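For clarity, chains are labelled A, B, C and D in written order, and residue numbers in each chain start from 1.
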Amino acid sequence: MTKLRMGVIGAGLWGTNHAHTFNVLPETELVAVCDIDEGRAQKMKESSGAAFALTDYEALVSRDDIDAVSVATPDFTHTPIILAALKANKHVLSEKPLATTVREAEKIVEAAAASRGKLMIDFHNRVNPILAQVRTMVQSGEIGVPRHGMARLSNTTFVPFEMLSWAAKSSALWFLGSHLVDVLRFILNDEVVRVYAVTRDGVLKAGGVDTRDFHLCILEFAGGAVVTMENSWILSPDNPSLVDFKLELVGDKGQIQADPTHNGGLRRMVEGGLRYSDYIGMTPTGETRIGGFVLESIGRFVDAVVRDAPLLADAMDGLANTKVLAAIEASAASGKAVDIA
Amino acid sequence: MTKLRMGVIGAGLWGTNHAHTFNVLPETELVAVCDIDEGRAQKMKESSGAAFALTDYEALVSRDDIDAVSVATPDFTHTPIILAALKANKHVLSEKPLATTVREAEKIVEAAAASRGKLMIDFHNRVNPILAQVRTMVQSGEIGVPRHGMARLSNTTFVPFEMLSWAAKSSALWFLGSHLVDVLRFILNDEVVRVYAVTRDGVLKAGGVDTRDFHLCILEFAGGAVVTMENSWILSPDNPSLVDFKLELVGDKGQIQADPTHNGGLRRMVEGGLRYSDYIGMTPTGETRIGGFVLESIGRFVDAVVRDAPLLADAMDGLANTKVLAAIEASAASGKAVDIA
Amino acid sequence: MTKLRMGVIGAGLWGTNHAHTFNVLPETELVAVCDIDEGRAQKMKESSGAAFALTDYEALVSRDDIDAVSVATPDFTHTPIILAALKANKHVLSEKPLATTVREAEKIVEAAAASRGKLMIDFHNRVNPILAQVRTMVQSGEIGVPRHGMARLSNTTFVPFEMLSWAAKSSALWFLGSHLVDVLRFILNDEVVRVYAVTRDGVLKAGGVDTRDFHLCILEFAGGAVVTMENSWILSPDNPSLVDFKLELVGDKGQIQADPTHNGGLRRMVEGGLRYSDYIGMTPTGETRIGGFVLESIGRFVDAVVRDAPLLADAMDGLANTKVLAAIEASAASGKAVDIA
Amino acid sequence: MTKLRMGVIGAGLWGTNHAHTFNVLPETELVAVCDIDEGRAQKMKESSGAAFALTDYEALVSRDDIDAVSVATPDFTHTPIILAALKANKHVLSEKPLATTVREAEKIVEAAAASRGKLMIDFHNRVNPILAQVRTMVQSGEIGVPRHGMARLSNTTFVPFEMLSWAAKSSALWFLGSHLVDVLRFILNDEVVRVYAVTRDGVLKAGGVDTRDFHLCILEFAGGAVVTMENSWILSPDNPSLVDFKLELVGDKGQIQADPTHNGGLRRMVEGGLRYSDYIGMTPTGETRIGGFVLESIGRFVDAVVRDAPLLADAMDGLANTKVLAAIEASAASGKAVDIA
């Protein structure tokens, strides 16, 4: 079997997950890593065993010994990289969100249609085992017609203040809401047609991170379902987990509650209080397999390229997602509900 | 000590709680009960040991041997009874909501100001031990400035379909939202200034109860806090409790989560699945004391009349409450956010 | 009504609860307080408004203006005080455990039989609203015949290391196991006939408190039920509550789980991590009523004396309790199961 | 790469998991299936695509085109099959428990030592992502020295009454306790040296399944830790999951609580009450990968054979496990604690 030759762009936390996965999967070979910071690129080359380290993504996507690239750079930098890679007819796995403006996302959709490369967005919650089951239940009619719901995907202040260097260039809406809007579209198999949102700032700005504290909104879907959504970056650092992810749907025949992060399946009480550990995102496996939905999602991209399996999320999903997030921002700015064409 | 002579109007579930309380408290004496259905009135007279049973509230409030009355009739019938009682200078303990239109609530505010009787609204969640603590925490600054929150007070379909005979004349918004809006005003010690709401119908109508299935809304408070609120009557009957009450507030110094009904403090697994039993609403006591916050609230009315203690919730609270609920209905009807003067 | 004239012996945390209750209940009058530490006695006299402060319990129980006394001193000091009070024909409300040896408990049983005073043990969990419901469910046959169960009543190290000055003279078994054994006897309405126990020490001793870390045991009841019981004083201080109380019973028709302390009905995330607040032990009331099961239990003693209501727990309950705890210690020492006559 | 040629013995629920895994893993090829019931064997051959279906395990293990076998037959039938396979120098993956008597387990240990085949016991909870983390935490010293704990692995009556055809030939102790004892040995990296147990029967016998209802026991480990353990088959069928798995360890520096099955990460409320769905045992993956710890464990056997990775659990683990279970039965029969050599 000829292996898929991979390049990973972005040598941060997530790029490392991509590199690890391409090293483990039997169908792929990690060839090159790329980061604008040469030191980071070099360091990742060494830790991952990639053959090359580059600082210029253009140089990477033009190489003949690369079949496909992962884009794991900050949200707002995705577009030119993806466009360049698609133009070079490389397959692309992009971290979420696809892009941070509708215009950019539309360009990418066009470029994807014109390219011989496939484009997948790494909406890994589509293979989160809890949420994948919720989708199956909903799509099989187990809860009947979904009528209303509530969804939270929020972080403690640790994320904007300590984890993300580029928090001020993003927000809980783009960083977390992009996941949550996709999860809702995926589970309901439906599109958002109208949003109303309220936002506030102050806490993060006071802490030196110039972005919104949170967005609260109400999403109306074409099929009639109505869902409240919270994306906040100011949850207390005393939360038992740095992410609180909850989703609940009420249908006319039943109800489902998903709590991937605060369920207490694993509770740790050591110096520093009660903490809930993650046990589904990344899980231990033998050295020739990947474990956990975060890596499984990357594996699905390989399936799509190598075996022509369906893309987990394609460019149109990325565009629809961006449209909803942009509409939420527009609603929060205007104080009026916004319809999505 | 001369005992406060009480009349209870409305011989349903809640009127029975009032009657029991007035029988137990040392400061009160249950004199009369009243219901438009003579059979029910008579039956309650017998079970409660009241001296009289009447079918006409006008007759009750005009009696000289009555000092105070409880109004425990359906929501939409409160206004004329309260007005009559206040006009007769009786003290009045009214079940919530005070009234179902702003105009009615305003009339009651005027009548209360003109009467020698005191008027209290039985917003018993103000003495719910969980929520009372939340208020204390918030008002003491423990979580800093409240920034955002989420609140749910919803019922399974059991309530509109089987428990309430007059569900079609009310809705989850009026029946449950009245509690929740009051709890939020009480805890935040703040007023709602703007609301946006979405409502849907279909499930209850299909089941023969002609009212709304739910209201989802976003409440903005004068002090800046923003809260999503759900009031639904279509939760699955398979829920472990027929009521799901949750409240969470995120401040700039901390966070509080209250879950008075679904916390699993008492889980019962017998024929029919897993159920969570209530243990704070009504609790066992010796025969000369009342137990649980539902009865404590009634006791607070007696304190206010007998010892001039502060009213737990007064006519202005009832008016503010009604204004918010009416604004939610207006927003849901118009599709636009509504400001509250 | 002539008021019951009360003396409270022991001016610690719990004595304060007794004093407060006797000040609030309409049937009682707090006359005197007593503590071997004169400063504490005097301070409590001032805060409680009692007429007298004494340092000698003999002097207290011989006064003619005292009808009844509360014994709220450390566990191991109860016996002589109770005996003196009963000999003086005073009514006695004793904190738990009644006594710390079977011989002492037997003497008290004899003295109670010979006295004109009534003796109640303050096993307040009998009126814990969660556990009271569990008893009702079990005794009504709701779970059928109880077959097996598990019970935990344990504390974090905060209690032996920081809260209790006399921890070295007690243990989790006597301090907490006394409650739990009583709760099990009460709920099952049955007697323990055989115990096996294992104990260890080391953590508390290393921290300067010379007592056992925990006892784990298996209790067999006359009616056939078998229950594992844990009483530990070395839970992590990072627990969300300083007490972890859980009780579960499996019957042949159903199952009940009670979680009075770790249920998360009220979760507080402020400086210092996630904490679960108590909301059923003591709850807010108007100033003329008591609230919460901790005070209700004291009220039941007054009911028993003033209205001849049944004692919540009598001397025989105290004796049976002490027998079980002593047998657990004997089993842990011998490594063999111990039968209780 | 030459593929490992597999035979699966036992065409029940678990054998199907083995067959599926060997079909998916790139290193293995499912060659034959075997069941004493010819119809079942034939059916599994068809569904799995195996080349052969046999009814005689001796015939299977003597084939030259088979490198390794899975033993997924009922507990009490393992020994002769394993012995035959080892004698034929095949690699063996045995379902748990290894054997149901110490003597049998000892024979297997000898046979494994003499064979060129490797023997692994499928204690899949060693790769349960929650429990694997608990082991890592404990072995890294995160909770300090483990002092006491509690462990439950129990089923509702659904398992003995409806799921297992051979329940009367096993018990909750052998079926579930085998897992739990292994998990405790694995996490603590320590051996049980003394047990005391109580058992009862009645409920299952009344329902026509002639075995014990439950075993409750106290396990003492060589390193000093003491753990209560419950294995019951009579939990209420109204439980939200048919298995209740909980494990808690208290160390002198911290505490861990694991709740793999009742954590409510995914709650389903549809016809029939509230149910918690599994989301870690088996999880969705692309068609060339396995997902969930139940299958990962089978993958570890392949790793051990193909890459000489360490066995997840070997014959000595199986023997130690059987010794503890046998000692528990001996203690329950004698009423005395039993030391394990």
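Structural remarks
Note that a contact is a pair of C-beta atoms (placed from the backbone, for glycine too) under 8 Å apart; a residue touches a chain by one contact, two chains touch by 3 or more.
None of the values given here were measured: they were computed from a predicted structure.
Comparing the CA-atom centres of all chains against that of subunit C, the greatest distance is found for A. At the interface between subunit A and subunit C, over half of the residue numbers appear on both sides, which makes the contact a same-residue one. For the pair subunit A and subunit C, the distance between C-alpha centroids works out to 53 Å. Our note on geometry: subunit A versus subunit D, Cα centroid distance of 36 Å, whole angstroms.
Shared interface positions of subunit B, defined as residues touching 2 or more other chains, are 143, 236, 238-239, 253-255, 269-271. Listing the residues of subunit B that touch subunit C in their complex gives 26-27, 127, 129-130, 132-134, 137, 142-143, 253-260, 263-271, 277, 279-280, 283-293, 296, 299-300, 302-303, 307, 309. On the side of subunit D, the complex with subunit B involves touching residues 236, 238-240, 269-274.
Listing the residues of subunit C that touch subunit D in their complex gives 143, 147-148, 150, 152, 196, 198, 200, 202-203, 206, 213-214, 216-218, 220, 224, 226-228, 230, 232, 234-236, 238-239, 250, 252-255, 335-337.
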